[in-house]
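There are structures below to look over.
Both complexes below contain chain A, partnered by chain B and then by chain C.
Showing the complex of A and B:
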């Protein structure tokens, strides 16, 4: 799979305070799957990515392939590597289909 | 899905003229720097911004900081001269269509002439109209004008209320009877839709009338964004929930925007937005509109249980 890169027409930012809160909640064992930590605007519409999605998005700069992204996230999360790789692949596939990610 | 609490606003309106205007270029450019540092994407400079002596410095600081800047303009010669003096890159320009109404009608030749003049300077201006009781009837005509004149963007922004910044007189704020009349007018006079036009309608109920069946396009809405993705700064630098909700949170002249956005007053506004207004209880469409404009509802319709004044009653 080619190196995904963010569509430059999409503007985005990391919600840093929010992300810190979500990380604390995660450490406390709470479900943070629906909590947005990255905000992006595509054609005037606002969207949020959750913690994992945001961390993948940040790394989609065209220099890493999905396996490298999964390897980096494996350092951050205590999740089985195959599951993490599947999550990254699915995320990249979904956002590429939406046009939010492009092939490098 | 609604938006979670954001660190800072995404869109800000900033009045450059008004009561208690902040003095000195240094204060104003520091405010611009604070807005940019907070990661605000879109800043609209309002209240005759082009004739403010510091407009060039403010636009430059915002743009350098990554903000997309828009200036409102009523088309006066003084504003156009100031626009011509601004260094590149020029901000986006929104022409106030309300300044081109004569005897309740759109002065199309004058508006067209101005658009052409701006195009001659490389500026493709958008149009906006602040909806009032007294001007709702010109919306179909304005949209038709957009089609014939090739206007690419038309905006119906939210009302401005409160006594801390320039407001629509209370008796000119549109309410549900005005909307009912507009609905009938729209049914008779809806213009041929300009294919290339980007239409931005802040009010949820105007949107419903003008874009029937387009709910999906607003599916991310998730409710009033005052004090979350929206914010407003008055000429004195005071930060508010939005232009339609004059709840002050702090001063941008002295405090970083991300700090102001964590203030208890801001969080209290979001807590109020999270509650269902009593006037909306039992409404079948609450999950779609979430109470509409909560600033207008809270400040102007306590008798209606905080329901948006544009809404007649809960829908059963």
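Showing the complex of A and C:
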């Protein structure tokens, strides 16, 4: 699979304070799947990515393929890469279909 | 809806007045009578550094006339290089072909030109500047020629509320992709001249019903309004990023000396971007907190629309009553 890169037309930022709160909640064992940490603005519409989605998005800079992204996240979350690979692949496929990610 | 600061660590847009100086004296201008120290270029770049560090994605230069300052291009290029998306609003007088090329080189994502009527004499009279109209239209053509995206802005008032379709046609003829039909703000000269220029609440309602119908049928041009009072119209379904006024929630305003106000039309300074901690302003300012948590007052109390419009335009309510929580004087309900 080619290296995904963010569509430069999409404005985005990491909501740092929010992400810190979500990380604390995650450490406390809470479900943070619906908590946005990265803000995207696409054609005037706002979208949010959750913690894992945001971490994948940050890494979609055209220098890494999905396997490398999954490997990096596996280190961050202290899990086996295989546990994350399907999520990364699905995320990249979905956002590529939307036009938010491009092939490098 | 959660507190806005739970979602946003900073505003999305800073509307930045570099100078209150202007070569025009428009009838509705909020800022023509304002006076304020202006900062040197180095300090303006320090402000850009703060905005970049806080990840504010958009800067929109207004004024005063932004092109009055010679360092506009240098500042915009610096902001662009820092990753910010830069736009501006101008009366177009100083925007010749050379200026358009410099705007393009500086990285401007879009440039808005104010045109209030297709009748040159009416526009010039409103702007108190003979010859303003042809230069404004020429500015649109210069922008198109050099490939800078243009927008057109008209402040809706008694001179043009029945003629907005003509403005849309003018925009089409000059390569404009988006038209802003701004609501009239009773601030500054707009406050002094509001009896002559402002519409009645019933006229505002009629304008929006008509304009929204045109918008729904228009596919070749983006038509934008920035008036929260529209949300009280039956059947209005557009969902903005926030309810009510976006000032103090999605956007803030910078005065020429670095003072921050919730918007250009609300003269309450909540801090200075070069002297104060920005996070303390954004998260803890009592003024911003009050604007983000408006209470239904007067006829808003018990009104079924309040949940959607949040009392309408906060600036207008404040200008006419001194209280954020009072109903927008344009409200027709």
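Note that in this section the second predicted complex is superposed on the first by the 101 of 104 C-alpha atoms of A that agree within 3 Å, B and C clash if a C-alpha of one lies under 4 Å from a C-alpha of the other, contacts with A are read in each partner's own complex, and residues count from 1 in each chain.
As a convention for this text, a residue touches a chain if its C-beta (ideal position, glycine included) is under 8 Å from a C-beta of that chain, and two chains touch if they have at least 3 such contacts.
Everything numeric here is computed off the predicted structure, so don't read it as measured data.
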item	value
Which of chain B and chain C A:36 touches, first, second, both or neither	both
First (chain B), second (chain C), both or neither touched by A:47	first
Chain B or chain C, by number of chain A residues touched	B
Partner chain in contact with A:15 - chain B first, chain C second, else both or neither	both
First (chain B), second (chain C), both or neither touched by A:1	neither
Touching partner for A:67 - first (chain B), second (chain C), both, neither	neither
Partner chain in contact with A:86 - chain B first, chain C second, else both or neither	neither
Chain A positions touched by chain B in one structure and by chain C in the second	11, 13, 15-18, 36, 39, 41, 46, 48
Contact set on chain A toward chain C in their complex	11, 13-18, 36, 39, 41, 46, 48
Chain B - residues contacting chain A, complex	1, 3-7, 10, 39, 41, 198, 200, 220, 229, 258, 262
Chain A partner contacts - residues on chain C that touch it in the complex	6-9, 12, 55, 57-58, 85, 241
Interface residues, chain A side, partner chain B - complex	11, 13, 15-18, 34-36, 39, 41, 44-48
